[in-house]
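The first chain written gets the first letter, and so on, giving A, B, C, D and E; residue counts start at 1 in each chain.
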Amino acid sequence: MSLASVKPVASKKHTITIEGLNKSYHDHPGSGSGNGDIHYIIKDVDLVIKGGEFFVLLGPSGCGKSTLLNMIAGFISKTSGNLRVGGSDIDKPGRDRAVVFQQADSSLFPWLTVRQNVEFGLKMKKVPKRDRRVVSEQYIDLVGLTGHGDKLPRELSGGMKQRVQLARVLANDPEILLMDEPFGALDAMTRRTMQKELVRIWRQTDKTIVFVTHDIQEAILLGGRIGIMSPGPSSKISHIYDIPLTYPREVSAAEFYEYHSRIQAHFDE
Amino acid sequence: MTWLKKKWAGLLLLWIFVLAAWQTGALLYGPEVIPGPVETVKGGVELFKDGSLPKYIGISFYRVFSGWALGSLIAIPLGVLIGKVDVIRHFAEPLLNFIRFIPPIAFITLFLVWFGIGEQSKIALILYATLFIVMMNTLTGVLSVEEDKVRAARSMGASEWQIILHVIIPATAPYMFTGVRLAMGTSYMAIVGAEMIASNEGVGYLIWNSRLFFRTDWIFVGLISLGLMGFVTDRLFGWFGRKVLWRYGVVGSTPVRR
Amino acid sequence: GCGSSPDSTSSKARAAENGESAGTTETASEKAEKVKLNIADISSNPVLRVAANQGIFEKHGIEAKLVTFATPAEGINSLFIKQADIAWGADFPILNAVSKGEYAIIASTGNSTDLSAKQWKLYVRNEIERPEDLAGKNLSFLRGTFISYLWDEYLSEYGLEPENVKFIGQGGFDEAYIALKKGEVDAVWVTGAAMVDKFEALEGAHQLTDMSQTKVRIGSQIIAPESLIADKPDVVANFLDALDESSRFVKENPEKVADILYKEVKQPKEATLKDLSVINWNVEFTDSALDSLSRQKQYMVENGIIQQDFELRDKIKLDPLRTVFPDRVTAAP
Amino acid sequence: MTWLKKKWAGLLLLWIFVLAAWQTGALLYGPEVIPGPVETVKGGVELFKDGSLPKYIGISFYRVFSGWALGSLIAIPLGVLIGKVDVIRHFAEPLLNFIRFIPPIAFITLFLVWFGIGEQSKIALILYATLFIVMMNTLTGVLSVEEDKVRAARSMGASEWQIILHVIIPATAPYMFTGVRLAMGTSYMAIVGAEMIASNEGVGYLIWNSRLFFRTDWIFVGLISLGLMGFVTDRLFGWFGRKVLWRYGVVGSTPVRR
Amino acid sequence: MSLASVKPVASKKHTITIEGLNKSYHDHPGSGSGNGDIHYIIKDVDLVIKGGEFFVLLGPSGCGKSTLLNMIAGFISKTSGNLRVGGSDIDKPGRDRAVVFQQADSSLFPWLTVRQNVEFGLKMKKVPKRDRRVVSEQYIDLVGLTGHGDKLPRELSGGMKQRVQLARVLANDPEILLMDEPFGALDAMTRRTMQKELVRIWRQTDKTIVFVTHDIQEAILLGGRIGIMSPGPSSKISHIYDIPLTYPREVSAAEFYEYHSRIQAHFDE
């Protein structure tokens, strides 16, 4: 909390550039409704996410937030358009883009200890055991899990598991963090704590974050910019809000309430 | 009635009940049809004293264990392969769903031809009885590995081979374990068929051959030996799973679908 | 002996000759309810199946139900569990059965002849040219059958000790065939046309001898519970009479019998026809039957297969046989 | 390679591959050991023409179906009872875990005694092969009914009997279905044993008896008939489950643990 | 929303009276830590919940909220103390106390349609089909599920499923509704809607509600009174807040913020 409350603009190379991006599926020919029609989930999305920024994707359930994030992650392929990170086209997952999933239970490796989970990426890169240990200690400390390194995921609470996910991806030193409703499964109190922690970590490390949520309050608490996705099908980024509030932010602040009302109004209309 | 809920009381009552039912049956049908507990114990002692019962149990156990272990060792990689490679799965699935209805006993002649009258054909029969269960469980396990885990590993830079080794296999462990444990049950069931052929020893031989001389007491000794062998090894294996594989999510309780 | 039978006297004529006991049986069977009998059989034996199929049992007042087992021995065992009333089989399982329960031999089927003994053939691997070559080899025997006895006699004839060979117990001739083919056994006793053909065609093996060259003659006997023999001697007698009629039908109509066997149990016709050319079911009880029984019993007692010795004559009840075929009982136990 | 992923292409390739492997085996071992596809088809036609194959399939199907249906009908209430009543469960569980290792074939003699040489003993053997699988699946199902459902029903005034009828049984339906479907597979496996004794007809009889005449082509006809019968009835039953029981959460896909 | 914004005090008979209530478990003798020691979850709880009131039980995870609620429901037995509803001791579940569970998936009957779920209690009471239909229609409409009566639970969203739970218990006309974090599994937007709906339904029907939550904001949005449970073990009701705000309440109101701060402070200390 002793850091400056406004982030310095990061270098150009981490920038995510999206131009005229489309994603469509063929309707199942067998199913009752469609007969092979093309069904657009995302249509003509243009977006530039600058290196080092905390960008929030906000939209109702089913609008295509995960679809967009998964394309950036390289998990699913685009139908057409351009999608570049730091100048190179994205066609598969890469160590530069780390993903924090909503369900820690389905994405952590339950047979590995917290430390082994955190060291997973390094082990895949064949980093020697001793070096791995140094890195994992550092990130376990960073996310506030000091002393829990030898526990298995099942021995942790939901919030702690999400911290493990964070430490696990940070240990690989990615340039971008892609987070798909990472706090959606947590209870209200834990969620509040985790939001604060994430802001702290973001400010301590030098990462670009793309954060998906459908909670307006969470979006305003976290985002430097908030991209609103229109409801699907054929959804796009309908508006981008700049949130120039200083961190850490408080729900009770007057400006906070103002942004909340504006964005809420955007959805209500 | 609380004392009834105590486990030992229940077990005691159970055994008294079972023995009583057994004795009643023996009295009703006569000892050459159903030998009573006493006759059976006598028959067992007889077989034990001349050393054949321990030898039979040992040899049957050896066959069950070899066939089961070999079958599992073959089935697990095959299951992973079928699960991971779509093309192979399209080939293999209908075939598996056809063959799984053909009982091991039907392959006796074929296995004799392939593996001869020695240990190999018996072990092969047990292996066959094991193969499909383990393979299909492994296959299902591979198919139910959460996509998130694979994606996480991939975006942390794991190669496809590393994903199989470090994600698919550990995540499938509980399914493999269940399959292997269920297969153990089936192996005991198949031992009678295996020892029906070209065999002069073993518990299955005892059961089958005693029919020829109508030594029903020996048949019962054989049946009880099989039940006990199965029960004990199953418990041991469950205990092993609980102790050694618990971090893979293996629970030690009885698998349902034998 | 084989010459004494079958004679052409019809059973009816004979029954009339024998006076009122057989006569009443005849009329009773026409008027009264048919007597139900479960008869243990194996699929390759034609006599019982033909008797059932051609209505011969019915004619003799018996409502027969054939229960098919894999081997005669298993059929005999079904007496113990009261699932069959009458069974047949070779000396070996028969003796095993009568030693254990209230059962008695009611007739022999007359197989203890040179001709029938010729049907048991010994096939060996080609490297075995003389009986003495069997030393140190693997010899096949079918579990629960007389073959272990046959080996015992055969080997001792050539001065071989059982300790000098290895016996391999097997469950069926198909298994023995494969084992011989692969060299996992070196010698197999086999019978039955279908099987003999297979063994004959086997490369690497040849026929060394047959059982007629040995001292062993096995008989085949019919066995029934003593209670049935005591309570319904007339039914037992009628059964034997029907069997005799059927065995004559079988000899006279081989083609028809082959059809019946194919239709009912899927035995290939060629195999049936070959078997029929040597089949020799004669309902009788002769000295040779008694002889083979006594010798085998001795072997079984000595080898612990029969645990409690018994008096053989107590276990042979020939009264029903005498009422229908008095001249065919030539042995007096 | 996309055409490889098409199902029909895969299936076609599969069959070509299987037939080729089969023919190679036949050439390698000779027809008396492995009959080739052509010999097998000839044998099948022969058996079909004289009406015995359809008859055998019919009679085996009747036995499998009766034993399986009866076994399921007995096992389901028993499973519910064992699952609901703790005292009985304490009695029954160790016994079940002992008996389940004893193969149906071992009971041949006993069942002959109890049920005679007619259809009943064969059906009883199939019934036995069915009983434990269905019982243990039902039992597991009852034990995994969510407590919330039972509590909800109870606080809405349902009696214990109504809870069993309206909550436990429908909630356990998927487990029962799985058990019953798995048991169908085991029933087909048990038919050879059931028709080994005192039987003149049926596919199991064909397989076992053809060994005596060395008609390996008929053995293959029998094996293929069993596989097909199993495959078809399993698919039909799966379809039935999907159509009729889907609202109970029954999915029609292949159950893993046969 | 046209109803008066303050509820009239309801009749005495629905009152829940709790005096010196305890609940304890024996530690497992086999487990490493304890050796048969008695472990108090709840100790000496005194509480009176008046008929018709909306009472919220607020406390951190694991403090024993569900335990207390389950004792009122009659699902688990008390160790000692008094627990009465309308004068009679509670020892088993009853039609007067309906329960809305957190997990709709585990408590609804998935093989029954919405309508059949709602009619379940009436069917158990052997009410004739026609009469059942009238009642179920009424409550399906009340919870806003008009037209969804023939759907199966799996065809509904999480919020809709909780409406089915509500309709299902209301159809039995219970005097008390016991709700254990009923909106805990819903996303933020749906949760907000459901909170509003619950207040509307409570004001339209004449029920006592005991509502368990660990979300301070939810507690203040809903509760007439809020009972704070101290963290376990041996937890009790440490304080009761009266919330005399009119319904419907708004998060952005100044008084709301004041209550929020006070209760938050209670937990932070």
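As a convention for this text, a contact is a pair of C-beta atoms (placed from the backbone, for glycine too) under 8 Å apart; a residue touches a chain by one contact, two chains touch by 3 or more.
According to UniProt, the chain labels map to these proteins: A, E = ABC transporter ATP-binding protein; B, D = ABC transporter inner membrane protein.
In this text the structure is predicted, and so the values were computed from the model without any measurement.
Trainee: Please identify each chain that touches chain B as well as chain C.
Mentor: Looking at chain C and chain B together, the chains touching each of them are D.
Trainee: Counting C-beta pairs in contact, pick out the pair of chains that comes out on top.
Mentor: B-D
Trainee: Measuring centre to centre with CA averages, how many angstrom lie between chain C and chain E?
Mentor: 84
Trainee: Calculate how many whole Å lie between the centre of chain A and the centre of chain B, each centre taken as the average of the chain's C-alpha atoms.
Mentor: 48
Trainee: Distance from the CA centroid of chain C to that of chain D, rounded to the nearest Å?
Mentor: Chain C and chain D have C-alpha centres separated by 39 Å.
Trainee: Show the residues in chain B shared as contacts by 2 or more other chains, in ascending order.
Mentor: Correct list: 33, 108-109, 113, 211.
Trainee: Where in chain A do residues touch two or more of the other chains?
Mentor: none
Trainee: Give the residues of chain C touching no fewer than two other chains, as numbers and ranges.
Mentor: Those would be 74, 77, 81, 174, 178.
Trainee: So in the complex, which bits of chain B are touching chain D?
Mentor: 1, 4-5, 7, 10-11, 13-14, 17-18, 29, 33-34, 86-87, 90-91, 94-95, 97-106, 108-110, 113, 132-133, 136-137, 139-140, 178-179, 182, 185, 188-193, 207, 211, 216, 219, 222-223, 226-231, 234, 254-258
Trainee: Chain C touches which residues of chain B in the complex?
Mentor: The touching residues are 32-33, 108-109, 112-113, 116-118, 196-200, 208-209, 211-214.
Trainee: Residues of chain A touching chain B in their complex?
Mentor: 73-75, 93-95, 97-99, 101, 103, 106-107, 109-111, 120-121, 123-125, 152, 168-169, 172
Trainee: Mind pulling up the chain C residues that touch chain B in the complex?
Mentor: Contacts found on chain C: 73-74, 77, 80-81, 93, 96-97, 100-101, 143-144, 168-171, 174-175, 178-179, 182, 184-185, 305.
Trainee: Could you please specify the touching residues of chain D with respect to chain E in the complex?
Mentor: Residue positions touching the partner: 146, 148-149, 151-159, 162, 166-167, 170-171, 173, 247-249.
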